[in-house]
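Below is one structure, written out as structure tokens, with a few remarks after it.
For reference, chains read A, B, C and D in written order, and residue numbers begin at 1 within each chain.
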């Protein structure tokens, strides 16, 4: 039996000792205000036991973590057709997402880089009656938590400064891979990224990917095969150009966001979320990565 | 003595024989309507003698040719400071202008690729009181022709479909290399590109670069050193990724536009403009390139 | 209980129906002689039960599959130090392994692309007394099969035509990331790639990676953590620029070779090898990929 | 009338004041031994008047400057056919010559980058009876100086450390764009680059490119059109990724070498050579560039 409380306790002790906590994201002004000393971690296992430590009930901006959820909803709506508009390969290079887009005629490398997530957002804008509301309802339903909401300030902050996303969306448009207009799609995308959740809520949300497509309330959202694919994408593409490193050190499918959150899961076993706002050079939470390494080292479990 | 009338006559005979005239630009809807059989050519020499053949007095959209003029006006306004925001090297690669921008931290390779010309447009928007009007006046003054004007339909057409330019401008903005807002700068840029001139007018405009900075009316616009630099840029960067080929085959500084126009010059000797709307695969006028090759072969003169 | 015999039988029936079998590798002359209609598949489970179908006992050139084994031996010899000379990220781009090497100062992206495997070969050449013999012994010991050997003709054939590997090795040397001389390292590398095994032997060899570091004979070769890392690398980097696709469709760590072999494994469950010489455009066995997809679809098991 | 003696005198005064002289090339061990304080400059005009200053009669390794001469000899031997194996466009990027080669299927961007010059060397090896001897004779004949010779120590030094050139040659070979074997071609290439000349000899050698194809002894080596093309290539590609800068600041066709030499010319006017061993970050002679800028500023002459 794995003793999660002890493991979490030890992780927190180690985390507290670390003085170099990384850099809080600055490019979205609202995010730069967060206290870098925050740290939370929450685990839910397959039997719905829960364990937590630190600031696990304080909400933060999930940012790129939301890409897994928009992908999940889009797959539910249009299925395999999605893969005609976005590929499933790791992007490899740190700096040239837009250049890859140019080289590959407007087909983003995968749905977890910004360009790919913008295409997914475009699909949701096309298919949902009230895109923002319907996406929010989807999140609330899967997690069973009606209190989850967008953070309007964060969305507005990103709208004013998200020039790189405007560049990506316009480039996609030039290749015919954006069907709605740029402003509408990015308004949806910035709201999606602004979702505010705490670690506990995140694990309840991602329970569905750990549990073969069934959510906490036992409703089925995805087929086994769809879950396999989403988890495979998280493993190969979930951590920007540090995906290989995360697979290598941690060995779990997961997704990070520049808000400092990370969620990861061991299929059929547990789902875990961490939050620490300081980022490493690759844009992933420095202490979150460390905490998850300690977790899989302590449990001696990984998908490999 | 060079017999320009005979040379032009022979060039037209040869051009008429060519059946494969290239592809009229399609990405700007207004431009796709032009008759591909148009051909005009006009020469003005250092003594202001003029020679022409074909449709040399029919106006067309000069598009990228305008980049030399906005550069010229910007150099006049801020001088060497301009080179802190844009480099002077050929771009080399055909497809990855945006990727180069990412690799080089938002400093465009040179002022004659789109990204570079957008930075130059940004400078003019910052420095001119009434940017569009003042730029138009500059053009009218240098050429001594008050009838030159923007083509509002072409500008509007490009505004609706210029997603790649919106991508470039937003990417520049993300690097802090665009000081005004994207829409304002691109409105100026699309107008600048929409300038409608005929071959005759183009040679009168570019006379200033052939004549060491003095325009047809003998007013001085640029120093000898500034003219040297602008001509050097035309030679190394004036024909997209076919600049080497043009230098190699023709051997004159020049600039092409997707409207099918090309202007070129032999310093202190003559200035020449051609117009044929069909483009080769690299985006330069197919028959214009051929006509200029025939011209320098017949005259046995080039800068080399 | 999973009925492997039935599953294998059904896979062979499906495979037999496929007329388009891909292209046998041509760049190594010896390999181009292989009959494209060969097909074999072998499974060994955690209880050492074995199941097979087709040409599963006919030896073929394992080529890049050998990279996992040289990596494994090198990790055993120098441990974590290896990661100072080679990274662990997917390479992303299909075409530009050498360009990545230039951009990243001679540190190959991962040990499963050619440049990375050449660095690993260099390590073995430095550390082993009789590199080729000692590596062969290592293979024979892990698999418990003394009959395994190099194919001298294949090694010689690659030596004569492996200009791209000579290019990579010289580039590594120019960055100081090759300590022995180019010819010595490549002689080792070409021999390593020439190893001739059949599907049955391959599964016995890779049993060690499925079985947490213990080989069929119950000797321990690697720690759990080392196995996790090697399996993670196979998943993220084992199929050239189709690694994402393989993770997405099959969901197992694995490695392919241009000889048409693929080996894959579900940790603690089974190890499987397929052989079909025809390759798809990305250089992976066309029917091998298909057979493994059918296997994980039928068993409903994957690491995700 | 231009007063060359005064101009050269003033340039030397300025050069003497500069304390930061750049870095002597280190990657060829023999070159790293050169005294960084050397400076020489020599001019020959169209009337064969000569002017010099400093160490203008001390020989140095001309390195890449030799690429213009091998190109010239190859054009004389096979004419336009050469352009099927090498392109005429600037390479643009500083770091990725090999990656460009991969992207462009083994056709080097131009004959003045290493990969292109290696293809030209391959052509000479194929076409000349005694390649090294015949090339040397060609150099001696054009310059009218039988004392010019290879520097065997420099050639040997480069052979031992030229791994990047071995990489390029092998990559060319993998694309079928090298017809002879790698070692033979590189032996020729390293000798060609090791040619030892002083500034005075260099100007006599390049007189042929300034004088429309006729050498100092009035023998015709090239047609006017061939000279135009070679000069155009020097202008657009002669200074690595600083070609644009050189055209922009100096405005003359020219070629630099890592031995610290630069040769440049104003067609029909003069040919000039400089030597200062310290290089700038782009690999061009720091003070040589400065001296040539001062020369064209003082003479107010350039091709533009």
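Simple rule for what comes next: contacts are C-beta pairs under 8 Å (C-beta built on N, C-alpha and C of every residue); 3 or more make two chains touch, one makes a residue touch a chain.
These figures come from a predicted structure and were not determined experimentally.
Separation of chain A from chain C in touch steps, taking the shortest path, is 1. For the self-contact between chain C and chain D, the two sides draw on mostly identical residue numbers; the shared fraction is above half. With angles rounded to a multiple of 5, the C-alpha fit of chain A against chain B returns 180 degrees of rotation.
Each chain gets one centre point, the mean of its Cα atoms, and the points for chain C and chain D are 47 Å apart.
The distance from the centre of chain B to the centre of chain C, with each centre set as the mean of the Cα atoms, comes to 54 Å. Across the assembly, chain A contributes residues 100 that each touch 2 or more other chains. The chain pairs satisfying the stated touch condition come to A-B, A-C, B-D, C-D.
Those residues of chain B lying in contact with chain D across their complex are 87-93, 100, 109-110, 224-225, 227-229, 231-233, 235-237, 241-245, 247-249, 251, 253, 267, 297, 300, 302-304.
Contact residues of chain D toward chain C in the complex are 95-96, 98-100, 102-103, 163-164, 166-168, 170-171, 173-174, 182.
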